[in-house]
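Consider the two complexes below, in which chain A is the common component and chain B and chain C are the respective partners.
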Partner chain A sequence: MSNRSVTHSTFVIERRFDASPARVFNAFADPQAKARWFSGPPEWGPDISEMDFRVGGRETNRGGAPGGPVHSFDATYQDIVPNERIVFTYDMHLDDVRISVSLTTIELTPDAGGTRLKFTEQGAFLDAFDKPALREEGTKGLLDALEASLKPDH
Partner chain B sequence: MVERLARGPASVSELAQPLAMSLSAVVQHLAILEASGLVRSEKIGRVRTCRIEPAALNMAEEWIAQRRADWERRFDQLGDYLASLPEVSTRQE
Partner chain C sequence: MTACKVVHDTIVIERRFAVSPARVFAAWSDPNARDRWDVPGDDWVIAESEHDFRVGGREYSYFGPRGAPRYSGDGTYLRIIPDSLIVMAGTMSDETGPMSASLSTVEFQAGGPGTLMRYTEQSAFMGDETAAMRIEGWTEIFDRLEVELKG
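This part shows the complex of A and B:
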């Protein structure tokens, strides 16, 4: 079935953390620190990941629910300003289908002893809209987001 | 605005009416929605009628919802991780 399409979209997530910009930056820059939080949902089991945190360096991360499609994240770091900014491009595959190519900018700003993080993703989402696996993921994602928004600490 | 259009086509002034927005702000917002492919509009006489592009809405919504949820979950985990670090010289609550 040939059904080619591209949708361009941008979204922004803003968070504040009770930790210095240096600590937040380190959580992105240090592979061991990053492995502590940059992973799939608990039921996915361990991810396989590698990262080379420098401009031009690559990062890959693969994981998925048992029996489900493998989600692959492949990134290239484009710009790094310690404690302030990280820019990377990445694509996502579900099994062997590329579903999106994105440009992501993470900006860190000191905020009253903590850090404000602004995440901007600009993406081109490709073709695979009607794949049932993706639809299911989307629905599950919505439920996860709902659950996260109901947590008392946000 | 997208919600209103999901119920059916509407003119620009019909869209502006229930919103606390100036007409020019509404026109600007519509231009963004049109550029994103979510909304189409056509001018008949002096009235511009807007309608939603249902396929685009579903595709874009799906994508944004899924990807945003992935990152929100990661940032929840980042917050938990940062909170678990021992205090060094940073201020304690």
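This part shows the complex of A and C:
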């Protein structure tokens, strides 16, 4: 029990998408639309996920490389303003080990026919199993996938 | 409906108490003790509360000025290590809706003859409240915790 530690960190990622706030919001709110971008790398295979998109509702997503640890995402929605704002808290486990707890705020603003998205994550990283920089990288990868899912031909 | 701008902030408050980490931790984990100190100001009261102190358990209180409580804090315990760490997340609301969502970490370290307690709150403020106001509130609350620990 000697290697206990907590690292607090905040990162902000801003993106602009050529899609309306309603479409971007839907990519977070609709389980099928969200499944198109919110998942692990292709080699992980299909995730197991459930979501209940309302204040107090939960979302879980589990996946991982074959033979590797199971990555579990468990979230609770804290605040939702349609087409404008989503606030949720989530924790991440690797198998049975809780590696982080985070507060995430997504803000959507109309911008000349498109949408500006501001993603703010305030995290508590536990016992040095994960690093804020890696989480930021991972989140950028997810937002790249979100952008691809919003393309008209997708 | 127009959402106000969200302001993100992190506050850290450290306090040293002349008692063991186990005693400071117990002041958080024991519901009766918690109701004695976890409210700002001598003229404020906790009208209702639920302290289900286990991972996944609810932490709720309805509080405010005596006779007119109007704030509710509603959250969940996410990680607990006895005498060492508490992590919880939740929202603070008034009658008009949510004012903030916060992730709170309380760390207890044995230090010198007592305990160093470090409280870190990472918040998204959605109304008029600011981090400075939140610090003021916690400072009053931790003054009461200090009195509780002297008793």
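By definition in this document, the second predicted complex is superposed on the first by the 125 of 154 C-alpha atoms of A that agree within 3 Å, B and C clash if a C-alpha of one lies under 4 Å from a C-alpha of the other, contacts with A are read in each partner's own complex, and residues count from 1 in each chain.
Here is the rule we go by: contacts are C-beta pairs under 8 Å (C-beta built on N, C-alpha and C of every residue); 3 or more make two chains touch, one makes a residue touch a chain.
Only a predicted model underlies this, so the values are computations on that prediction, with no experimental measurement involved.
Colleague: So, A:R36: does it touch chain B (first), chain C (second), both, or neither?
Modeller: In the superposed model, A:R36 contacts chain B only, not chain C.
Colleague: May I ask you to name which of chain B and chain C touches more residues of chain A?
Modeller: The partner that reaches more residues of chain A in the superposed model: B.
Colleague: In the overlay, answer first, second, both or neither for which of chain B and chain C A:A27 touches.
Modeller: Touch status of A:A27: first partner only.
Colleague: Kindly classify A:V87 by the partners it touches after superposition: chain B alone (first), chain C alone (second), both, or neither?
Modeller: The second partner, chain C, only.
Colleague: Just chain B (first), just chain C (second), both, or neither: which does A:T105 touch?
Modeller: second
Colleague: Quick check for you: in the superposed arrangement, does A:T76 touch first (chain B), second (chain C), both or neither?
Modeller: second
Colleague: Just checking: does A:H8 make contact with chain B only, chain C only, both, or neither of them? Give me first, second, both or neither.
Modeller: A:H8 sits against chain B and chain C alike.
Colleague: Indicate the residue numbers of chain A shared between its chain B interface and its chain C interface, in ascending order.
Modeller: 8, 102, 123
Colleague: Could you pull out which chain C residues touch chain A in their complex?
Modeller: Touching chain A from chain C are residues 1-3, 5-6, 8, 10, 12, 76, 78-79, 81, 84-85, 87, 89-91, 98, 101-103, 105, 107, 120, 122-124, 126.
Colleague: What residues on chain A touch chain B, complex-wise?
Modeller: Where chain A meets chain B, its residues are 5, 7-9, 11, 13, 15, 17-20, 23-24, 27, 33, 36-39, 41, 100, 102, 113, 117, 119, 121, 123, 125, 129, 134-135, 137-138, 141-142, 144-145, 148, 151, 153.
Colleague: Quick one: which bits of chain B touch chain A in the complex? Just the residue numbers, please.
Modeller: Chain B residues touching chain A: 36-37, 56, 58-60, 62-83, 85, 90-91, 93.
Colleague: Can you tell me which positions in chain A touch chain C when the two form their complex?
Modeller: Per the touch definition, chain A meets chain C at residues 1, 4, 6, 8, 10, 12, 76, 78-79, 81-82, 84-85, 87, 89, 91, 98, 101-103, 105, 107, 120, 122-124, 126.
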